[in-house]
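For reference, the structure I am asking about is given below.
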Amino acid sequence: MIALLLRDLRLATRAGGGFGLGVAFFLILSALVPFGIGPDRAALAPVAPGILWVGALLSCLLSLDRIFALDHEDGSLDLLATAPIPLEGAVAVKALAHWITTGLPLILAAPVFAILLQLPVRAMPMLILSLLIGTPALSMLGAFGAAVTVGLRRGGLLLSLLVLPLYIPTLIFGAEITRRGAEDLPVTTPLVFLGAVTLMVLALIPFAAAAALRVNLR
Amino acid sequence: MSLLTVHDLTVARGGLRAVEGVSFSLNSGQALILKGPNGIGKTTLLRTVAGLQRPVTGTVAMAEDAVAYAAHSDGLKSSLTARENLGFWARVFGGGGIDAALAAVDLAALADRPAGALSAGQKRRLGLARLIVSGRPLWVLDEPTVSLDAASVARFAQVVGTHLVAGGAALIATHIDLGLPDAQMLDLTPFRARPGPVTRPSGFNEAFA
Amino acid sequence: MIDLGRYAGTVLAAYGVSLLLLAGLVWHSVAANARARRNLEKHKTDA
Amino acid sequence: MSIWEYANPAKFMRTTDRVLPWLVVGAAICVTGGLVWGFLTPDDYRQGSTVKIVFLHVPAALMAINIWVMMLVASLIWIIRRHHVSALAAKAAAPIGAVMTLIALITGAIWGQPMWGTWWEWDPRLTSFLILFLFYVGYIALWSAIEDPDSAADLTGVVCLVGSVFALLSRYAVLFWNQGLHQGASLSVQSGERMSAVYRHPLYLSMIGFGLLFLALVVIRTRTEIRKRRLAALQAQEARA
Amino acid sequence: MIALLLRDLRLATRAGGGFGLGVAFFLILSALVPFGIGPDRAALAPVAPGILWVGALLSCLLSLDRIFALDHEDGSLDLLATAPIPLEGAVAVKALAHWITTGLPLILAAPVFAILLQLPVRAMPMLILSLLIGTPALSMLGAFGAAVTVGLRRGGLLLSLLVLPLYIPTLIFGAEITRRGAEDLPVTTPLVFLGAVTLMVLALIPFAAAAALRVNLR
Amino acid sequence: MSLLTVHDLTVARGGLRAVEGVSFSLNSGQALILKGPNGIGKTTLLRTVAGLQRPVTGTVAMAEDAVAYAAHSDGLKSSLTARENLGFWARVFGGGGIDAALAAVDLAALADRPAGALSAGQKRRLGLARLIVSGRPLWVLDEPTVSLDAASVARFAQVVGTHLVAGGAALIATHIDLGLPDAQMLDLTPFRARPGPVTRPSGFNEAFA
C-alpha cells in the first residue's frame, strides 16, 4: 500500500505527470472570474467564498480521470487486482495520492487566490480549514466516479456529470463555513456537518469504488 | 501437491460462454500449455483462473494469493526506470531479489533506463522479471513470447524451467512453440461452448437469446 | 369556454408544456418499441 | 409460482402482452379524466385559475420521486438476484422519471411567476428537484455510454445506490442552506383542512392516472429493451459462430 | 468538406458521441454556483453575467479534446491529411461541427440557466447575442489548442491551460455586453470589439491550427 | 508512364535518420514490395511518400493528389455502419462505387453493420475498400494483410491485381508473402543509415550528436 502511494506520488512529480496543473487551472480560473464579473471589490468580495470553492472543486475534477485511466491502459490495474492488497485499500490509497497531488497544493495556494478574489483576510483560516476537511471527500468521490468510467473512451465529461452532483453537500457546507468566516459568524454547525460528510464518504465509498472497478476489470 | 485444480469450468465473455466443461489440475513442477484457435477463449480462461472474473459454472481451487498473472500489457510505467518498476511490484507482492531477476532476463545493463525507452522485446522481458520478484508459485501467462526474438524465447524457456524446478507451476496460453519439452498440452477446441438453451445464463446475451 | 381570468397564459403554458412533454415521451416509447419489434422480426426472417 | 419468474424475459413478454392493454386504457382514462376534471374546477380565491396547475404539478412531482425509488429497488434486485429484466426495467424507467421531474420543475417555474414573482428561487424543495434531475441525467448518460450490457447494469446499479444516499444527503444540506417558501405537503394527515374536496378528488384521479401512465410506459419501454437485447444477443451469437 | 461536417455531426449524435454533455455540464455548473454563493437573489443577480460566460467557456473547454483526439487514435486524421481537401478547411469544418454540437445547444439552453442564476429577464437578448457572436471564436481557438496537444497522452489539462488565456478577450467583452444588457446601458462598443475578435480568430486561426496538426502528424 | 519517382531519399524518425539514399520508380501497372527487419524505417518511408512528413534529403516526385495511404489504423468510426464509413471517404476523395467496392472485399452482406461490430479481419477489409473508392492511382500500403486469414490474403492480392490492370500502382511494406507474382521486391537493409557526422542533420538529435 505504501509502495503504491509512493509510486503514484513519484509518477505525478515526474515529467508529464501533471503535478501542479490543478493549481494552474485554479489560478487561471481565479484570474478569469474577475474578468467576467468585473474588478469591483464590492462585487467580488461577497461571492469570493463560493467562487473559491467551486474553483477548487473544478480543478479537482479535471485531474480525476488520471486516477485509474493510465493504470488501466498499461495493465497495472489488472495486476493490482491480483496483488495481495485488497482492492478497497488500493482505491483508498490512490484517492489519497490524488489528494496529496491535487488537494494539498490547492490548499496551500488558496490564500493567494483568495487575495485575487478580494476575500477578507479574516476569512482565511476558515477557508483553509474548510478546504482541509472537505477536499479529501472530493478526491474520494472522484475516485468512485473514475472507477465507474474507467473503461470508457473519452469518459471525461461523463465523469464530471456523475461526480458533480455528489459534490453538492461538501460544496454547500464548505462555502457556508468560509462565508461565515468572512462575516465572523459561528461556524460549528456546518463544520460538524462537513466533517460528517467527509467521514461517511471516506468510510463507505472505497467499497463502492472497488466494486465498480471489479466490474470494469471483468 | 496440487497447486491448481480446475473442475468442469465454464467461462463467458461478452455474455456468451466461450469454453465449457474444462477440467485439469496442475502440480508443483508442472507446466500446462493451452492451445486453440483465435477467439476460443484462452484469455478468458486465464483471467478466470487469475480471479479477475467469475466462472459461470465449475470451480477453480487453489491456495490464496498463489497466482501471478501476466497478460499482453505489462503494467510498466514509462517514466519510471526498469529497476523502479520492478521494485514497486516487488514491494506490492512482498517479494524481493530485484537484481537477480533483472539479471535472469538480461536487463541488468539497462536497469536505470526509463521503461519508455526500452524496445518492445525488452519491455516484455521486464514484464517477465516481475513474475520472478512476485515470489508466487503459480504463473498464469497469456502469450508471453509476443514480440520476443528467438534468443529471448530461449531465455524465457530457461526462466520458466528454473521456476518449475524450484517447485512452481505455469499455465501458459500460446500459439507458438515455447521450447518447454516437459510441458503438457491442452487443446481447447473440443471444449468450445455449444449454442442453445442453457439453465443458467452467463449474462444478458444468453438470457435473451 | 371556461374563463381563466388574468392567469390564462400561465395555466395554458403549464398545461401546454406538460402535455407536450408527455406526448413526446409516449411517442418516443411507442416508436422505439415498434422499431425494436420490426428489427427483431426482420432479423428472424433473414436468418 | 414466485414473482422471480417474471425475470424470465419470455414470461415477462407473455404476461405483459395480456396486462398492457388494460394499463394503457386505464392510464388514458385516468389521466384525461383527472386533467379535464381538474381543468374544470372553480378558481381558488387566492391563487385564481393557477390552482389548476396543481393537477399536473403534484402528480408529476410525486412520480419523479417514486420512480427513483423504483429504480433503486430494481437495481438492488439486479445486484442481489441477477434478474436481467429488472435491470432493464430500471433502465426503462429512468427517462420517464426524468420527464416527470422536468414537468414538475417547469410547471413549478411557470407557477412561480405569478405566485412568487419569480421563475426560480433557490428554495430547498425546488433545489432538491433540480438535484434529482441531475441524478437522472447522469444515470441515463451512464447507461448509454457503456457498451457491455452486464457491466452497464452493474455500474448503473452502483451509481443508483450511491446516488440515492447522496440525494438524501443533499436534501438535508439544502435544508440547512436555505429555508424556503414552498408550501408543505397538504395531502397528508390533515388534508381536509388544507385542501377542499373540490380539488382533492380530481387530484387523486390525476395521481392515479400518472401512476398508471408510468406503469404502462415502463412496461412498453422494458419490452423495447428486451427486444433490443434479444436482437443484439442473436447477432452476437451469430458473430461468434 | 460537407461530408466531413455531416459525419462529425452524425458521430456526435450517435450513442456515446457526447452530444449534450456540454449542456449538462453547464447545467451542473449553474446549479453549483448558487450552492457556493448562497441562494440570495441580491447576491446572485450581479454576478450572473460573469458566471454564465465563465460557465459557457468551461463547458466548451471540456469537450475540446474530442475535436481531434478520436480521429487521431483511429487514423482518420492521417487519411484526412492526404485527402484532396486543404487541412485548413478540415480544421475549420471540425471547429464548426464542435460549435454546432456544443456552442449552439449552449446558446439555446442559456436562458434556462440564466433563470437559475437570477439574471434579469431584460438581459436575455444581450446574453444570447453575445454568446452567438462569441462562442464561434471559442470553438476555433479550442480547435487550435486541440491541434497543438493532439498526440499527447492526457493532454486534457494542458489543453485547458493553453486555451484559457486565449479566451480572455472574448470573455471580457461577452460578459460586459451581458452586464450592460442587464443594466440597460448601450452595448455597441463591446459588441464591435467582440465581433472583431471573433472575425480575426475565424480568419487566422485555421492556418495556425493546420500547421500545428501537420507537425503532430509527422 | 511513371507514377512515382523516388530519388536518393533519406527519411528520419525521432530526429534520427532511418534509411538513406533510397531510389526507385514505379510505373503504372507495377507493384513494389518493401522488405526489411523491424525498425529499419519502412513505415517512415511510406509516410514520407504519402506526404505526411518531409524527406531529409532527396525527392519524391509524383502527380498531385495521386496517392491513397493505408496504415495500421483504418480510420473507421465504430458507431457508423460499413456503408456510412465508406460513403464518407468516397465523398471526401470524390470517388464512388461504394457497392462495387463492398462487393470486391466481400462485405456486401455486412454493409449495414456498425464498423465496431466487425471482426478485426473484416475491419481490415473495409479499410481496403476505402482504397478502391478513393479512385487514386497510387496505393501506399503499410502491412495491409495484418490479421487477415489466408482466404482474405488471396482476395487482397486479387484486388491489388485488378487495380494494377486498371493502370494503378502499389507500394507495399510487408513481412509476409502476399501472392503478387509480378511484384518487384526492394530490401531496405542495405540502405540502413550509417551513424556518424552528416552534412545535414535531420533534427535536434543529430544536430547535437
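In order of appearance the chains are A, B, C, D, E and F, and numbering begins at 1 in each one.
Just so it is clear, a contact is a pair of C-beta atoms (placed from the backbone, for glycine too) under 8 Å apart; a residue touches a chain by one contact, two chains touch by 3 or more.
Since the structure is predicted, the reported quantities are computational estimates derived from the model, not experimental observations.
Enquirer: What is the set of chains touching both subunit C and subunit E?
Expert: D
Enquirer: Tell me whether subunit A and subunit E, two copies of the same sequence, contact each other through the same residue numbers or different ones, using over half shared as the line for same.
Expert: Same-residue interface.
Enquirer: Hey, which chain ends up farthest from subunit D, C-alpha centres compared?
Expert: The most remote chain is F.
Enquirer: When B-D is set beside A-D, which has more C-beta pairs in contact?
Expert: Counting C-beta pairs in contact for B-D and A-D gives the edge to A-D.
Enquirer: State the chain with the largest centre-to-centre distance from subunit B, centres being mean CA positions.
Expert: Chain centre farthest from subunit B's centre: C.
Enquirer: For subunit A and subunit E, what's the span in angstrom between their mean Cα positions?
Expert: From the centre of subunit A to the centre of subunit E is 25 Å.
Enquirer: Can you work out the whole-Å distance between the CA centroids of subunit A and subunit B?
Expert: Centres of subunit A and subunit B (C-alpha means) sit 37 Å apart.
Enquirer: For subunit A and subunit C, let me know how many angstrom lie between their CA-based centres, rounded off.
Expert: 41
Enquirer: Let me have the rounded angstrom distance from the C-alpha centre of subunit C over to the C-alpha centre of subunit F, please.
Expert: Here subunit C and subunit F have centroids separated by 52 Å.
Enquirer: For subunit E, which residues are shared contacts with two or more other chains?
Expert: Subunit E, residues with two or more chain partners: 15-16, 21, 24, 28, 34-35, 38.
Enquirer: Show the residues in subunit B shared as contacts by 2 or more other chains, in ascending order.
Expert: Where subunit B is concerned, no single residue meets two or more other chains.
Enquirer: Could you check subunit C for residues that touch two or more other chains and list them?
Expert: Not one residue in subunit C touches at least two other chains.
Enquirer: Please output the residues of subunit D touching subunit E within their complex, sorted ascending.
Expert: Against subunit E, the touching part of subunit D is residues 109, 118-123, 127, 130-131, 134, 137, 141, 144-145, 147, 177-178.
Enquirer: Subunit D touches which residues of subunit A in the complex?
Expert: These residues of subunit A touch subunit D: 144, 148-149, 151-152, 155, 158, 161-162, 164-166, 168-169, 172-173, 176, 189-190, 193, 197, 205, 208, 211-212, 215-216, 218.
Enquirer: What residues of subunit D sit close enough to touch subunit C in their complex?
Expert: 35, 39-40, 43, 48-50, 52-53, 56-57, 60, 95-96, 99, 102-103, 106-107, 110-111, 113-114, 213, 217, 220-221, 223-224, 227-228, 230-231, 234-235, 238
Enquirer: Quick check on the complex: what are the subunit A residues that touch subunit E?
Expert: 16, 18, 21-22, 24-25, 28-29, 32-33, 35-38, 43, 46-47, 49-51, 53-54, 57-58, 62-63, 65-66, 69-70, 152-154, 156-158, 160-161, 164-165, 167-168, 171-172, 175-176, 179
Enquirer: If we count contacts the way the header does, which residues on subunit D are in touch with subunit B in the complex?
Expert: Interface residues on subunit D, with respect to subunit B: 9, 84, 148-150, 153, 226, 229-230, 232-234, 236-237, 240-241.
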